[in-house]
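Have a look at these structures, which come just after this line.
Paired with chain B in one complex and with chain C in the other, chain A is shared by the two complexes that follow.
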Partner chain A sequence: MSLALVRVDDRLLHGQVALGWGPGVHARVYLIADDRVAADSWERAAYEAAAPPGTRVEVWDLARLAARWRDLNGAEGTVILLRGLRELADLEKTGFRPPSGVNLGGLHASPGTRELLPFLHVTMDESAILARLLESGLGLYAQELPGRPRYDRDALLALLAAMEGGAAAGRTGSGAGR
Partner chain B sequence: MSLPGGGGETAPGERAQRPRGPARLSPWWPVALGLLAVGLPAALRAAIGPRHAGDLAILLLLAAWGAIVSLDERALGPLVLHEPLVAAGVGGILAGRPAEGLLLGFTLQLVWPGLRPLGGSREPAAGLAALVGLGWYLLLPEPGGPWRFPAALGAAIATASWGRAAEDLLRRRNARREEIWSARGGEAARADRLLAAGAAEALARGLLAIGLLVGVPLAALRASSQILRGHAPGGAFAGAALGVSWSDFMPPEPAVAAVWFLAAGGLVRQAFAARREGGGGLTPALHAPAFRPRRTARGEEGAFPAAQEGGRPESAGSAFRRPARVRAALWIRLLLIQAGFSQAFLQRSGFAALAHQLGRGRREDASLRARALERELAGGRALNTHPATAAALSGALDRLIEAPGREPRPLSRLVEVGGATLAPHADRAFWGAARPCIALAALAIFPFSPAAGLMLFLAAGLVLELGVRALLAGWGRRAGWAVAAGPAGRFSRAAPLAAARLQPALSLAVLGALVASSSPGADPAAWALRGGWFILGGLTGGLARRRGMTWGWLSWGAGAAGTLIARILGLGMG
Partner chain C sequence: MSPAATIRATLVTHGALGAELLKTAEAILGPQEGCAFVSNAGRSLEALMAELSDRLDDGEPQVLFVDLLGGSCGHVCALIQRRYPKVLLAAGINLPMLLEFLHHRGRVPLGELKARLLERGRDGIRCFGWDEEAPR
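Let's turn to the complex of A and B:
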């Protein structure tokens, strides 16, 4: 037995997770690992109240997850939700290696991001983090919903290379035009 | 194009001072293209000859209705206008051929009884598909009669796939416009333009779908067949292949048999979805303790302390108790909150436009709070929720802007966190429970009274969608910050599960209606054939339970091929 799902999604728990993934992996517990939510009692209570019927939501900070994720590994039906790649990278440094891999499910645009996939946007710093995580053997894959295309390590590395190539070409092009 | 009540006049010289962004994208060119696409087949038709003069009127009516269906599918929530039964049923009525519209709508509704656009995921464009299929069904040349229905279904399912690709393109255009808007300072007052452009392109998509996927190919089909028949050696055969003189190779109405395949597969797929919704069973939900906000000492930052929520709330409806013009503008933004949707920013532009309207007609202090919220939203990250729960959030924001307490966090956090936490409640209630139940009830009534099935779907769907938005706005107004915790009552938690658990019974009712409405005098071979269709359809639907488009194509291909085999073997079709 292993963790049902580990997902990186800046929306944390929402419809795609609760209805799209949760029932298919027989989720019993949604574990939100996020320092910001853990530190704010209102946010924590809001997420706890969003638990689908028959499940519960727990909110941990990252340090607690880093210390205890191996205990969860035998707990069937636990879905771990992380907000972003930085959080995942911090966990990975502590030895976080979920056997089922890590699903990249939703990173949306913000200032300085570029599109890797329609549902994944990363800054240049985050693309470097992602490249490192892909090489680390963490088992990263990108997939928005069950039944939708899945992008494994090689596909993501190719997309990253294409994105960085495009960015470099853009820089060269804009420089040449000046 | 501007929305009523849109404010934000530009000060002289303001445009010149803004940061220069990429070239501006005009919202008008898709409209022009759409009109051209509708006009093109008419021109082709004129070149071919004056026959079928009424076809042009049908095409234009379908194009106009298609634009509205597309707007519904992309920008209005969606409401129920894009459901195949409604889209094709109303399209058939507009075209003066209600029976054909209802039959095609019924068939496609069986293929996709409950689509679930979770978190902005892209589902097959079922509404436009139904209208394009109807266009083919109505406008294919008369001699093509035996092939009409499978051709119409094939065109519909291809359109459903095309619609997803078009959705991708339009979302990218929305994202591009939003990037430009952000680069120019991200004024919430100008977010209206993003919604208007998105709505215009949704309308254009509908026009294009009918013009390009019905008008052009059918005009070309007629032109080609005429030319081949008249001039080319062996043209009779080629002309036949293009639709002029189809042989009686196919049965007159393959749908009669194929519907058993579609019904079984569609209902099996829906049963899997309903099982996922009600996986925990109804009993635990009924006995689970309802969520209660934790109360803390006055002044302490707790879960939902009353001290943070401002003064005594006004009555439920007061969120929108403003001058009629302002009220209308607010509701239009709420309805169009999806119009600027993109994969990159989700509904951020919609919320920015909504926040701007919430600040209009206020006292100065409330207006200042609304402007602060506008800036937070416009300069922040992607935002998303179910379109219906946006009404709840707007009610809560309205209250907090008007009568704030000691706010421990920016109001934009309410939109970000509340949007995420409310979405699963609404997704489950709407996509997982209410909408499929209404669809299945309409399908069960349809074999006895097609018009009643259509009216039930349309009326119940619209009342549900619009009524619930009004109720949620009032609830948000009462709840304030606590809105993010979602509905706390047992009924609101158990009702969606109960509805999900009702779906198997409704599916059986659909099957019962199909059996009861079939000719009782049909021979045993025909009934055995239907049983075979049913089993095959059920197995196929089960295998493709998570792949809407795959199921669509499988249902068409297997239905057409199986009907052909049955015909060749001389089995009765019932």
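Let's turn to the complex of A and C:
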């Protein structure tokens, strides 16, 4: 089996995913795995109504994904979307190891975050989670869009180290806030 | 529904599209009251939602124009309609649609305004050429 794409993006399904990634990986199903959306019928309906033509949107909670991800058959290109690193870390503990690896695609600036890459902002807690996940064999890589630079494990570890070094020297990254 | 001279509009778009559409519309029709733009650039869904809520807190009818249904702008506006049911969400904004809205707001009832901007937006999309022998 193969999943077309597994992506961490706090916007979940949006233009970059539906138009930037979807066609290239032959996406047929966008699977939003998120407890908040799963519990909110209005938000769920908003995502379902906006499914790109020729595709459909499914919404699962994380427990269901943890139990069922192995059954997702590659015959139908499935794109799994996760909101953040905490969600990914919880899944990883249950044995989640998608063969496609996991794409880090978008975490926006908010109070308490620092810039790892222009499209990735993490808190202190999240950078610790990321450092652990990079050693877990999940196959994490950062890439905003196809055709844009891809950062694999070693590059991300170097960026994390540089970011931590910058913080120790009293700098605060981009300083951007929500 | 009655005409509302000051019905406001917010253009919620990717990048600088909203700013430029509004600037272009004002170059054609003159300065417009009650219009603003919000870009999703660098903003999380929560940040976008907060910024829009500030513009909707008066509870009056308002049109939210978005560029792409299925993008983050469209999604946030769809969520916001739950709290602000007087909002009209108009997706797929183009210049004809925006001009129609600006020209007719305050002159026709809201139901008619909705029908007009939808019709004009669609009608503004045409292709000419390639009829007989499309170039290869």
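Please note the rule applied: the second predicted complex is superposed on the first by the 165 of 178 C-alpha atoms of A that agree within 3 Å, B and C clash if a C-alpha of one lies under 4 Å from a C-alpha of the other, contacts with A are read in each partner's own complex, and residues count from 1 in each chain.
Everything that follows uses one rule, which is that a residue touches a chain if its C-beta (ideal position, glycine included) is under 8 Å from a C-beta of that chain, and two chains touch if they have at least 3 such contacts.
These numbers come from a predicted model, not from an experiment.
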| item | value |
| --- | --- |
| Joint occupancy of chain A by chain B and chain C, clash or fit | clash |
| First, second, both or neither for A:43, with chain B first and chain C second | both |
| Chain A residues touched - chain C or chain B, whichever exceeds | B |
| First, second, both or neither for A:146, with chain B first and chain C second | first |
| Contacts of A:13 with chain B and chain C, given as first, second, both or neither | both |
| First (chain B), second (chain C), both or neither touched by A:54 | first |
| Which superposed partner A:109 touches (first chain B, second chain C, both, neither) | both |
| Chain B versus chain C as contact partner of A:95, first or second or both or neither | neither |
| Location of chain B clashes with chain C - one stretch out of 279-287, 333-341, 495-503 or 531-539 | 333-341 |
| Those residues of chain A which chain B touches in one complex and chain C touches in the other | 10-11, 13-15, 18, 42-43, 46-47, 49-50, 52, 108-110 |
| Residues on chain A engaged by chain B in the complex (per definition of touch) | 10-20, 23-24, 26, 40-50, 52-55, 106, 108-111, 113, 115, 118-119, 121, 144-148 |
| Residue numbers on chain A that touch chain C, as the complex places them | 10-11, 13-15, 18, 42-43, 46-47, 49-52, 108-110, 176, 178 |
| Complex contact set, residues of chain B against chain A | 116, 118-119, 121, 168, 171, 175, 179, 182, 275-277, 279-281, 284-285, 288, 291, 293-294, 296, 301-304, 343-346, 380-382, 384, 386, 408-409, 413, 417-428, 431-432, 481, 484-486, 488, 493-494, 497, 546-547 |
| Chain C - residues contacting chain A, complex | 14, 42-47, 50, 68-72, 74-75, 78-79, 82 |
